[in-house]
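Pasting in a structure now, in structure tokens, and then I'll have a few things to ask.
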Amino acid sequence: MEKILEVNKLTKVFGKGCPNCFDKTGPELDTNVCPDCGSVVAAHELSFDLYKGEILGIMGESGSGKSTVVKNLFFDQEPTSGHAIFYDDDKQYDLFSLNAAQKRHLRNHRFGMVYQNPHLGLNFGISSGGNIAERLLMNDLRHYKEIRERARELLERTEVLTNRMDELPGNFSGGMQQRVQIAKALAINPPLLFLDEVTTGLDLSVQAKILDLILEIQQEMNTAMIVVTHDLGVVRLLAGRTIVMKYGRIIESGLTDQILEDPQHAYTQRLVASAL
Amino acid sequence: MTAQPILSVEGFSKQFELHEQNKLIPSSSDVDFNVYAGKLTALIGPTGAGKSSVLKGIFRTYLPSSGRIHYHCANGLVMDLARCDEHQILALRQTEIGFVTQFLHALPRQATEDVVAQPLFQRGMDREQARQKAREVLDKLTIPERLWGVPPATFSGGEKQRVNLARGLIAKPRLLLLDEPTASLDPKTTDVVVEMIQEMKLEGTAMLAIFHHPELVERLADNVVTLTPPTIDTAKEVA
Amino acid sequence: MTAMRQAKAVYPFGFLDEYAKKEVRRTVLKAIAIPGYQVPYSSREMPMGRGFGTGGLQLTLSLIGSNDTLKVIDQGSDDSVNAVNLRSFIEMTCEGINTTDVTDEADLIQSRHRIPEKPLREDQLIILQVPYPDPLVVVEPSEDKRKVMHGEADYSRLLVKLYEDIVQFDEITISHRYPTRINHHYIIDPSPIPRWDVPKLHQSKALILLGAGREKKIYAVPPYTDAEPLAFDDVPFRVENFIDQHGKRRACDRCGDTTSFLDEFTSSDGNKVYQCSDSDWCREQLQKKGA
């Protein structure tokens, strides 16, 4: 088993910050807002790793900082401090010290992201096929017929009707938009995929289908994934290991079934007890 | 016994710390036993003796409070399952250690044959090939063919249990943990399961099992380990 | 005219003050040094509305010398209103320069929407008037983000535009302002020249300068620089072919030439008429026939 990602002391503070920010926030103090300077501590010294083909769940309520993790790793935000090493075959990248072009390279060629809000992941001004084409064009594929063929394959794989591939994503249902987003993220076969609350707000039956799809993809392509969710059911079904977060801190982490059946921390015990 | 055990549990204890009630609840204490390749070890004892906790502790669904769980891997290495890295546990679950529980957890809306084939999917087996194997096991366990393509959510307790068994058996693990695998089965199906377990023993699978019926212990167990419940007064307030 | 005669007395050669001209020249040097990069400059107020060629005009006024010969065209014609007005303004403010209609005779050509048919020489310079300098404006509204995209040569969204075009119409339908990659990095809007003129940018012997007055940008295609129109491997770039319904290349109704870019008119009797867009080219062809 090989490591694909190693995150070390990832910290993200929104606001100017002060020397007391970390001492005066956290789960014990029941806040992530520093009382002295008003800054929000979204993540404080988060460390974890991810192996090839593994699905890691990050679970927490809104404001726990769980989305901050993937947003920093996908370069949507810049961390305040910390390191993250991405191991890519024989290369390794110190993610937070790359220049803009290197970041763009990884985003376009090695990472995939599926957002809760399809508007963040898809361009609603161009067709669904065009959205996938964009990702392929970023990868220097310049053959129109090949691009179209690959886009059709991907949409078929994610169960989007390919005779609708030239329609705008706005014409589609929420579940279908998520499928297009997943197809777009997968277009380049990324070894690392981030999923941020991808099933939130969808019908239960649609949720199940999407989760099934994600699991199939992980098994077929051996894609490593970080799944951010507030839903215990999602981590139960997808993640081998789970991290529980609250107010920007990791409360506990472990095998997902252990987190759910033998939670160690009072907060996780409450969370699990109230969900089951 | 001269053979090397595949699993040896020494001084295993498990207690739960319930923060909300501010209580320590003991579940198992000072458990010792061995499990051997091709043999079935049965855990017996009254309700509350912590039999399931031992199985879950070995599978690491529960974090053991103390003790050692030495597992001899196929590659010759010995690992303490109570302490080793989570990734190692995940790898062992995928290839060597299986667990059949009383409850079926599966993706909603997933066809029964896919539920059963999951362990093979996870090992990267071709999906159609894996499904074919799943159908064979389902057939053996007398699940009617018309149910194979349907999600098991609406199945009877006995059917669900057989699906669960099928999923546990299909992976052919080196060590199989069984928690009341026949609790809600009729005598005929129970016989089928007994036969399958005996076949697996012959193939060399080591098994650790909890059975509902003492009769099954007699029919299948090579060794019997008796657990006693921790006394109530060991439950104490957290300081 | 009286006002203009007075202007001659008040304004220096080339209308702009020396500082303004120097700034434009510096900008031009930078533009040549970074082929295709849109260099910002402080476009001056001119005595005409922005959007009427003030970007090209400022380039011409900053670069022309009193012994240079100037040609001004609009859509290939020396006689259209825009060309005539710009020419007379430059004549009035640049004492001693010569003007011409003949492409061959010009040192400096200011043009709107066309590049002359006659191949330009190393000793010639063409200035194109540009309304919208940034090809990315159709896919990204924020200029900040566009600058980053240019810097990283991130043009996939522009290619998606072409993809969508082919999906909808089976071909690339862009007729003017065809996005063209200069020296393998920056993609430019080559001004509203037709596709016909785009190949003339590639390895041009003459320096090509592009000026956008309203948008305050100058950029350049230096001589002997690669210029590749965006396309797919299997859907190549094509120029207008002027084939009629019988599969025959149309000819100019005036000079009979079948090698130039044609304008289409409707004559007074309702028939379609085709004529060379480049009036000097047409004149030369007629002359050759007469000779």
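Order as written gives the chain letters A, B and C; numbering starts at 1 within each chain.
Simple rule for what comes next: a residue touches a chain if its C-beta (ideal position, glycine included) is under 8 Å from a C-beta of that chain, and two chains touch if they have at least 3 such contacts.
On a predicted model such as this, the values are computed, not experimentally measured, just so you know.
When chain centres are taken as C-alpha averages, the shortest distance to the whole-protein C-alpha average belongs to A.
Using the mean of the Cα atoms as each chain's centre, the chain most removed from chain A is C. Centre-to-centre separation between chain B and chain C, using Cα means, comes to 78 Å. For the pair chain A and chain C, the distance between mean C-alpha positions equals 48 Å. Averaged Cα coordinates give chain A a centre that lies 32 Å from the centre of chain B.
Within chain B, no positions touching two or more other chains are listed. For chain B in complex with chain A, the residues that touch the partner chain are 16-20, 56, 59-63, 86-87, 89-91, 105, 107-110, 121-122, 124. By the touch criterion given at the top, residues 100-101, 104, 123, 126-127, 129-130, 133-135, 137-138, 142-148, 166 of chain A touch chain C in their complex. Chain contact summary for the complex, chain C toward chain A: residues 148, 151-152, 154, 156-157, 159-161, 163-164, 166-168, 232-235. On the chain A side of its complex with chain B, the touching residues are 1, 51, 54, 204-205, 208-209, 211-212, 215-216, 219, 222, 236-237, 240-241, 254-255, 257-258, 261-262, 264-266, 269-270, 273.
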